[in-house]
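Common to both upcoming complexes is chain A, partnered first by chain B, then by chain C.
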Partner chain A sequence: MSDKLETAVSSSAGGSSAGGPQESSRRLLMGAYLDFIRIRFLTMLAYRVNYYSGILIYSLNIGVNYFTWMAIYGKGESLGGFSATQMTSYVAVSWMARAFYFNNLDREISTDIRDGSIAIQFIRPYNYVLVKMMQGLGEGIFRFMLFMIPGMAIAMLLFPVQLPTELSAWVGFLVMLFFSFLINSQINVITGLSAFFVENNEGMMRMKRVVVDLFSGLVVPISLFPGWLSSILNFLPFQAITYLPGSVFTGRVQGVGIWNVLGVQVFWFLVLLIPIIWLNHAARQRLFVQGG
Partner chain B sequence: MYYFGLINEYLKNYIKSRLTYRADFWVEVVSDLLFQATNFIFILVIFMHTDSLGGWNQNEVVFVYGFFMVPFGIFSCFVNLWGFSERYITKGEMDRVLTRPAHNLFQILLENIDPPSLFGSLIGLVIMGISGANLGLPFEWWTIPALIVLSLSAVAIYTGIYTTLTSLSFYSDAPTGILPLMYNIQTYGRYPVTIYNRAIQVLLTWVIPFAFVGVYPAALFLQRDEMKGMALLTPAVGAVFLAIGLLAWNYGVKRYKGAGS
Partner chain C sequence: MNAIQVQDLRKTFKVQKNREGLKGAFADLFKREFTEVTAVKDISFTIPQGEICGYIGENGAGKSTTIKMLTGILVPTSGSLSVGGYVPYLEREKFVRNIGVVFGQRSQLWWDIGVIESFQLLRKVYRVSEQDFKKRLDELVERLELQELLNRPVRKLSLGQRMRCELVAALLHNPSILFLDEPTIGLDIVVKSEIRQFLKDMNREHGTTILLTTHDLQDIEALCSRVIMLDDGRIIYDGGLEDLKQRWGTGREVLFQFGNPTKLEQLEHWTTGMPVVWSAENELGAKVWIPLDLNVSDVLGRVVGQADITDIKIIETNTDDIVRSIYQSGSAEKPDEMAAALKDEREALHV
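Showing the complex of A and B:
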């Protein structure tokens, strides 16, 4: 990876004369970004044992929620538009989606900022935020294959989860899951970069975690919140992480509604780019390294 | 007496280091409470759609939740073994601890003391007070002593379970991820165990007895006769698990050879 990067540096330094060298340096940089995905994936693979217990934890969480909801349903009516079976599937799918989209980019970025290593990263010929997103993607691919899929299989064995049968629902869900990942990672990047401005953003990171879990519909589906709260949440990006994809997958939203959901996700993806670009820019002006 | 002096010194150090970063202290308090709030909101939302959870009404479930917070706050304040393996084994801090005369576990616990967690206990007491008043629970002469004994027993259960699991890092330096697992299992103890299936009930009562840190002892105050026997058993369970924890710890320390760095 490092030799490719060096070539990227030298060629971009000398390659202003024609289109050719510029073009090839861009391709090399693309290759470097792909390598970031690959390397993170391999790193995660080396520590895969940690994730076996993760699968257990997520199954347990699904279990707590499942038994609690079943104790509430009892008589078999519907709550907030969810039947008992839909709720079971919703709980399982949203926890397993979290198994995929969750990452610690916020923590990684604020560690880089606090120990000063971000200074080195900033002078390298790549975009720091993009690199973090790529690493997040590498982790995501690992989590998808070794955490989410086996976890889903176990959840299906333990609980009466009903998955859709048509192919279109699956394709739609996978696309939405990818956007869940993007939006969640964007929120993480924003939280992480805030360390530039507050020095210690531990509290912010913890609050972000609670807010995302609660307001994305992971703990309680948004339609069960009191009316005033759920109408506020309709104007926030969090619903696009868990609630909307989960609603599509459990068949509560169908037909044209699916495109609406996708539209909401794309909208928030684009909107959240603005603070990231701004923060990244402002951070470069503000950077000072404590100690190091 | 010697140990009391040590507690005093460690606390003084803690306060001095904390006063340097005053804002952090409050940030930690608030974010701790926020974590707890997630589950509280879950309960509130649930009861907007039903009036009974396995035969328990909202005030009763909230009361159990309040009780759960009391020992958990005390435990998180005084027994903070999170990251022990990395900090003490991998980085070799354990060697420094072992060269000193005071008991090693005692030193480690004092080094990691976390008083902001006590706010959780305080909020828990307030929650118990409010929901108890709503339920019209009688305030007897034994209420306060029982609360103290049961809370301390619950703290002993937590301490026993977590020292047992942490002492595993003396045998293997690989991170096992078992502690986060426990943190998740213990949330089961906050709800009436009767809503779970049989296997989970047995698990929570006899194997990893997290039902004894929440619903069983709280049932004593709620005058739930079906769980009264279990509530009275709490101190015994606490003593047994604390003993297991300390034995496992001491045996682990005896076997400890150092990380070699």
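Showing the complex of A and C:
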């Protein structure tokens, strides 16, 4: 009896809040996408011990880069428009940003394709790439809270990192950080989907990793590259992942420049949607499910 | 109405050719060569609503490729198909909401989360309302006895438990057509028969159309009224299981147990003039093969009066053997030498 009552109540509640079956069906699917974020977050949380060592590794990376740069600066004032203090902050901020935006979507997607479990993804009424992005976001939220923030705190204790104090800079940085995540994940998705077209995309994935780390300005800020290379990099999406947001946050880019940076990020986010949609479409024709 | 309609369906894959040796590897670097492999060669069939149809064939015969085209995973190279009123590959997202699929070799549950959480997620993915879901889940859980499993993570389930959960996952949205790709692979006999019974009941109660591929012919015998047999991408048999047995069955076997030792020559003497073949099992047992056109009772009549018989067992033609010999010949036309080969390879069904 109480069972019946409960379903009756829930059905009337559902009926009144959702405008018709079409609406509620869309809401259910939205709920599913949100669940993918939540489930990935909880799964990562369950394996959090694996990531404690990661915090240490990132701190170590910051340390290595910090001491290297300090040795390069010596008594010098500035390099490529960076003062020594700015460089310290840049190194810390960009490595910590990486702690957030980094994910293995490329590997996950190409594994799905190569071992044939992509078949399971195609019998479900959802968009596979979107699901992957949601899972990436769930991982990102985990990394942000249990990886980036504690890592940042440690870095600030160990190294003379100077961070802005205005709220607006922080809000701006978080927005840009989110776009860094989107663009990096899009590049990962594209690399992953390439497994549809080449039998083994291991090499591509490795190359992508190095290219992103190098050309995004993580290892060396782009302004320190030779002129011809940095002008080429201005036309590539990688700078929007680390270099541009890092420049804003360390105070090198100010005022209108900040909006330009955001504009570049939005631009690349939109442009990168095109190859993803195209690959997703072309892959349907190419799909060859491994393992019978 | 037809649930599945397939006309001249064909699927061709381009497969990379790896040339031999160092020279070949270098050549491959610059110019790839491809070979075309046709997995499914212009097949046509229709399956009416509410039918359970078995889809069998050797490994690599094209079964899975067909299933993948029917479920919208693969795009056919040519031909037309309609499943539940949809063209699967054109309206994939809409279409898959009306079908259920179980791949015996792949899990569709999420490895790291609890079974019930997986179901809840699928509820949202398939856009099932809370009350429909609850009703359906209760029914399935009770029928497949999953009560204690619901809160366990999927990775902690045994294969049999997992397969029952996979079935629930495929059926939560109450699909009208169910595709099963080797649903009983690797399961023990108890779970197998449970799943068979469940599928049978579901077909009867909900009129669900079921297409299943399997290597276990007992699945077919227990479930299917119709069999489609595939070999090298072509349909070589499409019809009832009974027909298949009659056309291919070469005879029956009768197993005798005697009260006292009986010589083979003695037995052969009693049945002189009959085209039967005797073989000795042991001192107290013998087997006789009787061709289809001869009545079993005639043979029994000759023996029963003479010998001291303690037990008689009549063994029907084994479907496994029939199918094996069809696979070997690659055609459902029955050649004579195959029938002979069949006779040699018979095995007792009752073991």
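FYI, the second predicted complex is superposed on the first by the 271 of 292 C-alpha atoms of A that agree within 3 Å, B and C clash if a C-alpha of one lies under 4 Å from a C-alpha of the other, contacts with A are read in each partner's own complex, and residues count from 1 in each chain.
Just so we're on the same page, contacts are C-beta pairs under 8 Å (C-beta built on N, C-alpha and C of every residue); 3 or more make two chains touch, one makes a residue touch a chain.
Computed from a predicted structure; not experimentally measured.
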When the two structures are overlaid on chain A, which partner does A:Ser117 contact: first (chain B), second (chain C), both, or neither? second
| said: Touch test for A:Gly63: chain B only (first), chain C only (second), both, or neither? | reply: first
Classify the contacts of A:Leu79 with the two partner chains as first (chain B alone), second (chain C alone), both, or neither.
first
Touching A:Val49, do we find chain B (first), chain C (second), both, or neither?
first
Item checked: First (chain B), second (chain C), both or neither touched by A:Leu28 -> second
> Which partner does A:Arg206 reach: the first (chain B), the second (chain C), both, or neither?
Replying inline: first
Shared chain A footprint, chain B vs chain C, residue numbers none
Within their complex, chain B touches chain A through residues 21, 23-24, 27-28, 30-31, 34-35, 37-38, 41-42, 45-46, 48-50, 53-54, 174-178, 180-181, 184-185, 187-188, 191, 195-197, 200
Chain C contacts chain A in the complex at 13, 16, 59-60, 64, 68, 71-75, 89, 92-94, 96-97, 99, 101, 103, 105-108, 110, 112-113, 117, 120-121, 123-131, 134
Contacts from chain A onto chain B in the complex sit at residues 49-54, 56-57, 60-61, 63-64, 67-68, 70-72, 74, 79-80, 200, 202-203, 206-207, 210, 213-214, 219-220, 224-226
Seen from chain A, its contact residues with chain C in the complex are 7, 10-11, 14, 24-25, 28-29, 31-32, 35-36, 39, 42-43, 46, 116-117, 119-120, 122-127, 199, 284-285, 287-289, 291-292
